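Naming follows writing order (A, B, C and D), and every chain is counted from residue 1.
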Amino acid sequence: MTSMQRWGLALLVPYVLLFLVFVLYPVLYGFWLARSPAAYAKLFEDPVFFRTVVNTLVFVVVAVNVKFVIALYLSGFFVNTRPWIRWLSVLFILPWAVPSIPTIFSVRFMLNPEWGMVNSIIFRLTGADGPNWLTDPTLALSMSMLVHVWKSLPFWTLILIAGRLAIPKEQYEAASVDGATGWQQFRYVTWPSMRTLYLTSTILSMIWTLGDFNSVYLLTGGGPADLTHVLATLGIRYIRLDQLEQAMATIVVSMPLVLPLVWFMVRRLSRDGTQ
Amino acid sequence: MASVHFRDVRKSFGATEILHGVSLDIADGEFVVLVGPSGCGKSTLLRMLAGLEEVTRGEIAIDDRVVNEVDSKDRDIAMVFQSYALYPHMTVRENMGFSLRLRKAERAIVDERVGRAAQILNLQAYLERYPRELSGGQRQRVAMGRAIVRDPKVFLFDEPLSNLDAKLRVAMRAEIKALHQRLKTTTVYVTHDQVEAMTMADRIAVMNEGRIEQLGEPLALYDRPANLFVAEFIGSPAMNLLDARLRRSDGAAWVELAGARWALAAGAPGADGQQVKVGVRPEHLRLGAEGLAGEVVVVEPTGAGTELVVQCDGASLTVVVHGRSGARPGDRVLLAPGPDHVHLFDASSGARL
Amino acid sequence: MSWKKAGTEARLLLVGIPVALWSAFPIYHIFLFAISSKDSAFSGALWPAQPTLRNFGAVFKQEHFFLYHFWQQMWNSLWIAATVGFLTLLIATCAAFAISRLRVRGGRLVMNAALFTYFIPAAFLAVPMYKAMSVYGLLNSSWSLVLAMVTLASPYAIWVLKQASDKLPWELDEAARIDGATPMQLFRLVYLPLMLPSLVAIGTYALLLAWNEYLYAFLLLSKETNVTLAVALGHFLSADDSPWELLMATGLLYGLPPAAIYYVFRRYMVGGLTAGAVKA
Amino acid sequence: MKSIGLYTVACAVALAFAQPAAAQEKLVVWFTKGFYAAEDKALDDMVAKFEKKTGVKVELSRYAVQEIIPKTVAALDAKNVPDVAFGHVYDFQVTSKWAYDGKLEDISDVINPIKDKFLKNTIETTHLWNDAAKKRAYYAFPLEQQTIHIQYWKDMLAEAGFKESDIPKNWKAYWDFWCGKVQTAHRKKSGKRSFAVGHPMGVDSTDSFYSFLTFMDAHNVSLVDANGKLTVDDPKVKKGLTAAMKDYTDIFTRGCTPPSSVNWKDPDNNVAFHNKTIMMTHNATISIVSKWVDDSTNDKLKPEEREQAKKNATELIATAAFPNKPDGKPFVYRAAVKTGVMFADAKNKKRGKEFIAFILEDENLIPFVEGALGRWYPVTKSGVARDFWKNDPHRLIVHNQFSAGTVPFEFTRNYKFTVLNNENVWAKAMNRVVSEKWTVEKAVDEMIARIKQVAN
């Protein structure tokens, strides 16, 4: 017993060190940088800031939930065993596996209203000009969300596939015998088993999405007119403006967003521990 | 080989004490079965012996060495788990040789001992297979093989047969018994199945609620259960128990129950008028001309005999009759035991009189 | 019966085809740029008039001065990603094993602390991380990026591995201990082999995270011969006139190793990544 | 075995942590990544020569233009700065602010002895106020400068049925010509959805504020006086700003610039120009034509591609000056002087200053500037006197624009304008008008309010 404890502690040391050195110190330092009240005053004065907070909320809530509804649906699709679906799943995972810079840039080019492929197809099919994908603020933010969904959908679908595969077949067989329709099977068998996984994943994805810099930065750069910034890009924008304090203040301000999410995760985890 | 000693062993989880001072001495080469209902603490006791649980108080010794603070690996014991706990990523050969490999034994010795164990257990054909490719009984045998290869001082079995079907269980029971007779290794065997306990043990320790209720040879327990708990627990079908009053007059003794009287043997203990529990094993009840009146409600032929369930004044008694019985449900019968086969227990303490 | 089957198949195709288009189209678009010549890349056509492989040749031969260090940078990316994968696995596996199998006191606390990392979205931690690396004298060494990425990948890794560990039967550990295994032997001979699918999946996860990282990479690395390919691709974004067709060709090549890694390990991914997360 | 592995890793990490022993004197230099191979090569040569001369090891890193400021900000915060740093956007965004905050090293002792070799306007912009030390001194050094030009496709103009000589010189007529006549005619003749003007309006773009401020100059608006005090409360200034904003946004409202131009980043007008979506654009360097000049001598391209590039550079693309101002007077262009700096926290100041002096020597600076193929204009008198600026029609135009005299940006007098440029209040006001349909007056009011809030 004691040797187990000893080894256990020894094995925890690498991570604890990593945490202290590369998480705790930088985080405390970040808070220290954000200590000046003037930075907050300036932040709240900046007209871009409120728009950014709204965008971030929309981004996190809408993009993540849309992503998860699709992922939940697709996980049901991918558990079908067909050779072509196996091949499709390899293709499907690519957006997650390939790097952001070329892919998001490719989307940006694709959506160019004048010479991009999407609008030229629209023009060829209908003879009308396509929408200005990236210059209308609402549309541009939607496109950023779409890119985000495109990029991270495969990962989460993978997770939900695993969740579905873990449901014992007998439950479906029993439900079929009881005469459940497809929707009822989902409602009474699939969903109850997957609810917790779904919720945990959604929360984790929300936390990660808050830190998603690429989808907005590379696609719209926050434009038009700084109307599509999210907190992650706003922070970097302040750094670019040589306003480090304000950049750090955005962290602190974003905390009310993150705090409940992290709290939920930690609690979820504790419950796991006692099961 | 070794003897095992528990000396006033206690175990608490937090504030709850679940073993209240267990003492038990197991002789070298003995096969002791710990039996009891689930939650009685028998597995915990075994796991403490294995070094998987800490001892809260008291002492556990193997031979003369107190092992409270000794790591499992240094206790020289082998254990067979209910789930077998075979390493799924190792073949049967590797599973059986694992402990020797950890001891850095020479290859030849490992092969030799694994081979011998495989032969004993009839596993030669399966040595290169993985656990998932084996049937339940085969896995069970591999788990035993893993223990045999160790040639340990003590074998521990933690409900090793409960995952097998009934027929296989009987067969494995015999095999384990035979194995013990062959190897003569001190064995502690935990089960909740009293039939297993009866058939395999040299001595049985019946446990309940963190205590040993009775320790003894199987038939001694069967014949003279020390208290109501043991009486009910050992034997199948279970002993019939009835409330009664003990009467004594002119050197004769009997019990009165529901208007009937059952004679007791001459030396029966207890005072006149004492409130008692009367216990009679089903095979000792006779259908006769006198005794307790009741109505047959169920007749279950088992082939070798017949089991009757008789409803007597609110109590339900089980009667085992040798051979076939002509009784039909609805028949009214009178029941009485032979005087030598009546067990008397104190009504309040449950202890044998 | 066969009608019903055909109907099911048709319904699956109805989902499968849009999924295929959705996943492949932006990547196809990259490919299109990569095989287009300079002037036809922006034509908006679905297939270039004169497809060419010259862009790939230019990348391989490091012909454009944005790409003078292409192979070096590819190697840097590989080295860094592989090291991140390895270190994340090492650290997270040790921690998960200690928390889940050795039930070390304080394990829960460490788990919660790990999750605390996500308290601050990664993009915000960048500058403080830079400061930290500067204090530790790690700046401009690839170790700074490696350690930063290990830090970001570890919480999720520990979390998934811990839950996957929890699912292994406890008796296996007990059996091994009785068989005479020390905790380290238990770790090496029983735990690691059984955790293999999860380890592969988490390793891949960490590797991909590091492979694709841009923000931390440009902040923490400096010299052109030290940076990863992602940072080098960033150069293309800076010029008034970039050879976009070369960017896309490079990007496509950059995407190949992770795609290959995923392909090789795909049978582990579904089960492994989530073995733990599934617990209802 | 596991533990051995663990310890190996631990040792490796420990080794990585250990500071390497300083065997050789070191100089850390950060530069913006060049746009052309020749630029980078000139810098490499310069560094090699310096290393040979002094025996100092120069650690040169190059960053993409959008990364160098975040990178430097992080470095400043960590007090782990390069000894010498040069960024193409430093002057727009940070140099004068850093000087004000006292983050820069006074390099007057390097600049003073060679002061006379610089063009007056360039050296002036590096003479900056340090509010911490309450003094004005040379806190930066100029390397190159830029101003704004117009480039157009001669063949597209011809396709529309016009000659170059048809292009009016008068401000209003000039824009009407492109916007009204050329675009309509070209669309009709070619059947393509072409646009006459590439008109940068993106917030995340230096082109857009450079262009807007040029439009402002056309209306003789000056937002600060000689002392850096704001003049926006002057009704004349407000009127001029409104007129400039109206002219600028009109081009969009009239549909003469691609809709996407409201979100253009710096490269986007180039891209649209090269694929002939637009016929003309104003751009704060001649990078558009320089690309083809570069391609025309690129031996990695096929001969016919080189031929086409050469044709584009010499025959099809024109570089031109702006038309006369609305008041009929000739244009005075604003020049942006690209500055390099040494930080107060620099570790090797002595060698850093040597390095600065070294790169400012003609034989080093000239190949570096000319390596940019005309994209950057020299800051030294000897540099501008070279034939390089006369033997090419495009560069000659640039040379003439500069020779007529230039004006500096507002931020050289009031550093807070770096913030306004950075935030791009100008592009934001444009977007209010074109996207949110505000009146020009309302947008200008909001803009002035913000200017006062930031720069007062």
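Everything that follows uses one rule, which is that contacts are C-beta pairs under 8 Å (C-beta built on N, C-alpha and C of every residue); 3 or more make two chains touch, one makes a residue touch a chain.
All values derive from a computational prediction rather than experimental measurement.
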- Sorted by label, the chains bordering both subunit C and subunit D are A
- Name the two chains that are joined by the greatest number of C-beta pairs in contact. A-C
- Task: Would you kindly tell me how far, in whole Å, the mean C-alpha position of subunit D lies from that of subunit B?
- Result: 91
- Task: Please work out the Cα centroid separation of subunit A and subunit C, and write it as a whole number of Å.
- Result: 15
- Distance between the centres, which are taken as Cα means, of subunit D and subunit A, whole angstrom: 36
- Task: Could you give the separation in Å between the centres of subunit B and subunit C, each centre being the mean of its C-alpha atoms?
- Result: 56
- Query: Residues of subunit D that touch two or more other chains: which are they?
  - Reply: 6, 66, 70, 73-74, 77, 275
- Residue list for subunit A, restricted to those that touch at least two other chains: 3, 14, 33, 115, 236, 239, 244
- For subunit C, which residues are shared contacts with two or more other chains? 42-43, 90, 94, 126-127, 131, 135-136, 147, 182, 184, 187, 234, 237, 244
- What residues on subunit C touch subunit B, complex-wise? 169, 171-172, 174-182, 185, 189-190, 193-194
- Query: Inside the complex, what are the residues of subunit C that reach subunit A?
  - Reply: 12, 15-16, 19-20, 22-27, 29-30, 32-33, 42-46, 90-92, 94-95, 97-99, 102-108, 110-129, 131-132, 135-136, 147-148, 150-151, 154, 156, 158-159, 163, 166, 182-184, 187, 208, 211-212, 214-215, 230, 233-234, 237, 244, 247-248, 250-252, 254-255, 258-259, 261-263, 266, 269-271, 273-275, 277-280
- As the complex stands, subunit C meets subunit D at residues 37-39, 42-43, 58, 63-66, 87, 90, 94, 126-127, 130-131, 133-141, 143, 147, 184, 187-188, 218-219, 222-224, 231, 234-235, 237-242, 244
- subunit A contact footprint on subunit D (complex, rising order): 6, 66, 69-70, 73-74, 77, 93-94, 97-98, 193, 195, 202-204, 258-260, 262-263, 265, 272, 275, 277, 419, 422-424, 427-428, 430-432, 435, 450, 453
- Partner subunit C, residues of subunit D touching it in the complex: 1-3, 5-6, 9, 13, 16-19, 30, 32-37, 40, 59-67, 70-71, 73-75, 77-80, 266-267, 270-271, 274-275, 283, 285, 287-288, 290-291, 295, 300, 305, 308
